[in-house]
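All chains are identified by letter, namely A, B, C and D, in their written order; residue positions are counted from 1 within each chain.
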Amino acid sequence: MDTLFDFVTYTKGIEYLIAVAFLVMFIPFWFLATSTRAPQPERAAAAETVGRLEDMVGGFLVPDSVYFHPGHAWARVDDHEPDLVTVGIDDFGQKLVGNIEGIQLPDIGAEVVQGARAWNLRLDGESIGMLSPVDGEVVAVNPDLTLEPEKINRDPFGSGWLLKVRPTRKSANIKGLLSGNFAKRWIDEATSRLMENSEYATGPVLTDAGPSRQGMARTIDAENWDRIVRDFFLVTE
Amino acid sequence: MKINRRGLIKSVFAAGGSAALARPGKAAAGVEHFTGNPDRYGCLTDLTRCVGCRSCEAACNEANGLPKPEVPFDDDSVFEHERRTSEKAYTVVNRYDNVRTDAKPVFRKIQCNHCNEPSCASACLVNAYTKTPEGAVLWNKDLCLGCRMCMLACPFYIPTFEYDKPVPKIQKCNMCHDRTSQGKMPACVEACPMEAIAFGKRSELIKLARERIEKEPDRYIDHIYGEHEVGGTSWMYISGVPFERVGFDEHLGVVPFPQYTRGFLSAVPLVLVIWPALLGGFYLFSERREELDDREKSGKPGERA
Amino acid sequence: MNMEGILRDIACGILVLLALLAFAFIVYQGGAAAQEGDASAEAALTGPEIAVIGSLSNLYEPVTFSHRYHTTMAGECAGCHHHSDPGVYMKCGDCHGAPFDPQNMNMPGLKGAYHLQCMNCHKEMAAGPVGCTECHAKKPGKE
Amino acid sequence: MSEIAKDQGAVGDWISEKIFMGMSLSAYFRKLITPFNVIALLILAVGIPLIVQRYIHGLGYVTHGSQNQPFSLFLGWGLFTGVPLAATGFIMASAVYLFGMKEYKSLVRPAVLTGFVGYFFAVTFLLIDLGRPWRLPYPMVHSFGPGSVLFLVAWHVALYLSVQFLEFSPAILEWLEAKRIRKWALAITIGATIFGVILSTLHQSALGALFLLAPGKLHPLWYSPYIPVLFFVSAIYAGLSMVIIESTLVYRFMKDKVDPKNFKTIDDLTIGLGKAASLVLITYFCLKLIGVAHGNHWHLLNSSWGFWFLLEIFGFVLVPCFFFIAGVRKRNVALVKFTAFIAVFGIVFNRIMVSLVASSWSLQHAEFLHGKELLVVVTVVTVEILAYRWIVNRMPVHREHPAFPGGGH
């Protein structure tokens, strides 16, 4: 290449080839880079619900990052929303009641008190209340639940979250909640208590892939399953 | 161990500086210098010898089979107005008043200067111009689209276009490339009685021109037009009269024309490579923000079961 | 710009000019006829009376060159038969051949030599034919 | 409804519905007799023969054919002015899809259509102007000159024409009611938009870079190494102004083809576009000054060429800039629309000046307007307007197709 013209023609040709190759490569790279971000919430939550082995207690998921209220509601502080608490039903509770047909959530701005009724589950014509794990003001409810209540069953700790509360007495509330090993032992006792008042083992109830459609309570006692549920949810009616 | 900013900068320069001093020769090698084919041919027109007989026009017309002109070649009336080359005449001779002694007018022959770094070649999008190793710049009729970008790019206004033809060609002097490749001289050089046009290796012609200027300093302007203009041309000129008084453009500079677009062309791949990620980033940013807005909005009194 | 060189050139130029003017006047009076007969005064200047230069003839007819007339007018031979030992008068074609010999670029080819030599002298003397067809007619049919 | 027609194999029905907008043949043609169409027909009657003869007798038949001035109005108007005015596509597509200004969504399709038609007819002008138009694909398939700026322009105009066709294809597919293909067409929107912006950035600036090779020929006031940047920045406000103009004309002359709910938002959108254009205009004004400073050509300002240059940067850049600002602050939509016309005229002025007038400043005698050239340009522009109108009449550009709510794209 002894002339500038040849040199420019050659170098520009190579630069174009590199640029075109890059553009062609960029498309798959884009999907590679961006696709991992979008479905992340589900996958992470799914990972939690399916549960790493050490989180499973007797077939129920008990993730470490969550605080449990004895009425089978859970509360969790997410790192991307440090001043809010996400609230939902735990794995044992949703398996107990089976597929939830509908849910009545408190209004935004409403006050919830730890241990007081905060929302009602609607299933099989019955309306069963549940207690709030924390005190505070409701700032958000899960929009998907009106159309897809089954999300609660499918992913109780992830996309099946119920509300977001701005806690007023966070540290005090935590004292009243169980987590880590305490929670695991509590779930273990709950499982054995459930087995006591059922004539046959809860085995079959748990062996099928996901929570059975009816839920453990109805499988155990078709008529007064609601009494069993209310007993576990520590609610009176 | 706190490195304050000044300490850091000093150390960086020290490192940088030493590298540059250590081997200055190395850095200088980075400068691009293109010589082209050293044995390429060229022509040297000596304006002091040209008598305006226009034998060169006649010879060029015949050698290239161009149509006969309206005004015959020995009719001096054509000198009344300044002519330019056309699609029917690859070379023309113009007459100028002699500013030094009004005894003898000065004649100037125009034709393609066969630049070392042709601007027409750099402008052509289908690479229809090639600077041959022998020196001539040739146009390729099998590639040309007729976009006429070469006509804008040529600082000497040389390439001409056949406006009156449905299948037009670009017409210009090709330094009789077929004749020279058979060892003959270009037709105009051979026809010139006064040997006003010398033909030979460009390097030889530069020496010849310098010899003539040194031998007769009063006869010539001490400047070889084309030695450096637009990066050097194969067709050069020596004259007894200042060049701009004989229709030459003295403001073309010495930068080879392909250099003018090189800056832009090197920015092109940068855009090609940076924009995807940049615009992709904007898209992700606006998607994310929209997602947050949705989540915020939906948090409001959502319709309950 | 050496002043003495220019003065000396101008001086000898004027002298030559005067001599030639006088000579041309004589020739003009005498007309062509005188040219033939007056060989004796220039006994030393021999060479052909008329030389036909046509070796390169292509578009133009050969040139009938009035050699004797020029020798009597120039008064010496070295003007044309330059670069050669005294007394040795070669034909132009013996030295001048094809132009642009890379070893000796400055030596004109034969055609160039003819035109450069003849026309420059005519121009300097401001006499003698300068136009193409004034020396040699166009061959018919060669446009 | 269309399925049933197709089942009965009545291709006639399909044509009458798609091509003649549901009218019978005679009704359609009777409706065609309007003053505008008559004038258009007259122009075509004069212009088309001229174009035919251009191909028979060579380019010299319709242009001044000067060897010193290679470019005619076909390139001056068709390419150098047509392409920046067709920058509407990449401006609106990037605004809505990349920068998330969803409120401008109703203007995306018209902008992409304006761009597509603009580029299509820029190529038409090229086919008229090229010496051997049948060799147009040569730089793409036959022989490459990567060292040439025009090589980049050729590739990019060709690619961008196809990208814009893809971007506009959902509207066509909705018109043809081809649901499956439409889904694919929508899927590539973001990719097409990003690629479109890359292509536009490069060839809008490359059109200016063409003149870098003519330092002696283009007047120093207009010539500077910044030409590519100047051409690109001015193309942005050209695109914005053209979106305003396009929507003004269509909302005025083709009301029935516009979705009623768009009428409520168009004024705010126009104000928004005007605000954006004013920002670009003031930037462009300063860049022009930097261009003059770069070559230190201040003294050239008080010459006849200097006068034209000052007229351009004050009359056609600064004035529209402040008119836009005034229009935006007082929410005077009429003023913004009027200013858009000035800004676009400024673009035409600048591009014609650079490509034709100021690039012949060093010639003793330069030839400019050639009657036949102007006639052919008017003819092709008329065809362009007719084509644009034909599409807007039939395809869901300013309105949503009933079968495809939300328009998708």
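The rule is simple: a residue touches a chain if its C-beta (ideal position, glycine included) is under 8 Å from a C-beta of that chain, and two chains touch if they have at least 3 such contacts.
Only a predicted model underlies this, so the values are computations on that prediction, with no experimental measurement involved.
Summarising the inter-chain contacts, the pair of chains with the most C-beta pairs in contact is B-D.
Inter-chain spacing, taken between the CA centroids of subunit A and subunit C, is 115 Å.
Taking each chain's centre as the mean of its C-alpha atoms, subunit A lies 72 Å from subunit B.
Taking the mean of the C-alpha atoms as each chain's centre, subunit B and subunit D sit 33 Å apart. Among all residues of subunit A, those that touch two or more other chains are 5, 8-9, 12, 16, 23. Counting partners per residue, subunit B has 121-122, 127, 258, 265, 268, 272, 276, 280 as the residues that reach two or more other chains. Of all residues in subunit C, none touches two or more other chains.
Viewed as a contact network, the protein chains fit none of the simple shapes, being neither a path, a ring, a star nor fully connected.
Contact between chains, per the stated criterion, is found for A-B, A-D, B-C, B-D.
Taken together, the subunit B residues at the contact with subunit D in this complex read 84-87, 119, 121-128, 143-149, 151-153, 155, 157, 160-168, 249, 251-253, 257-258, 260-261, 263-265, 267-268, 271-272, 275-276, 279-280, 282-283, 285-287, 289-290.
Subunit C meets subunit B in the complex at residues 59, 99-100, 102, 105-106, 108-109, 111-112, 114-116, 119, 123, 130, 132, 143. Taken in their complex, subunit B has these residues touching subunit C: 49, 51, 53, 55, 58, 72-74, 104, 185, 192-195, 198-201, 204-205, 207-208, 211-212. Taken in their complex, subunit D has these residues touching subunit B: 55-61, 63, 65, 67-68, 70-71, 94, 97-100, 102, 129-133, 135-136, 138-139, 142-145, 147-154, 190, 193-194, 197-198, 201-202, 205-206, 209-217, 225, 228, 359. Of all residues in subunit A, those touching subunit B in their complex are 1-5, 7-9, 12, 15-16, 18-20, 22-23, 26, 30, 34, 37, 102-105, 107-108, 122, 139-141, 143, 145-146, 149, 164.
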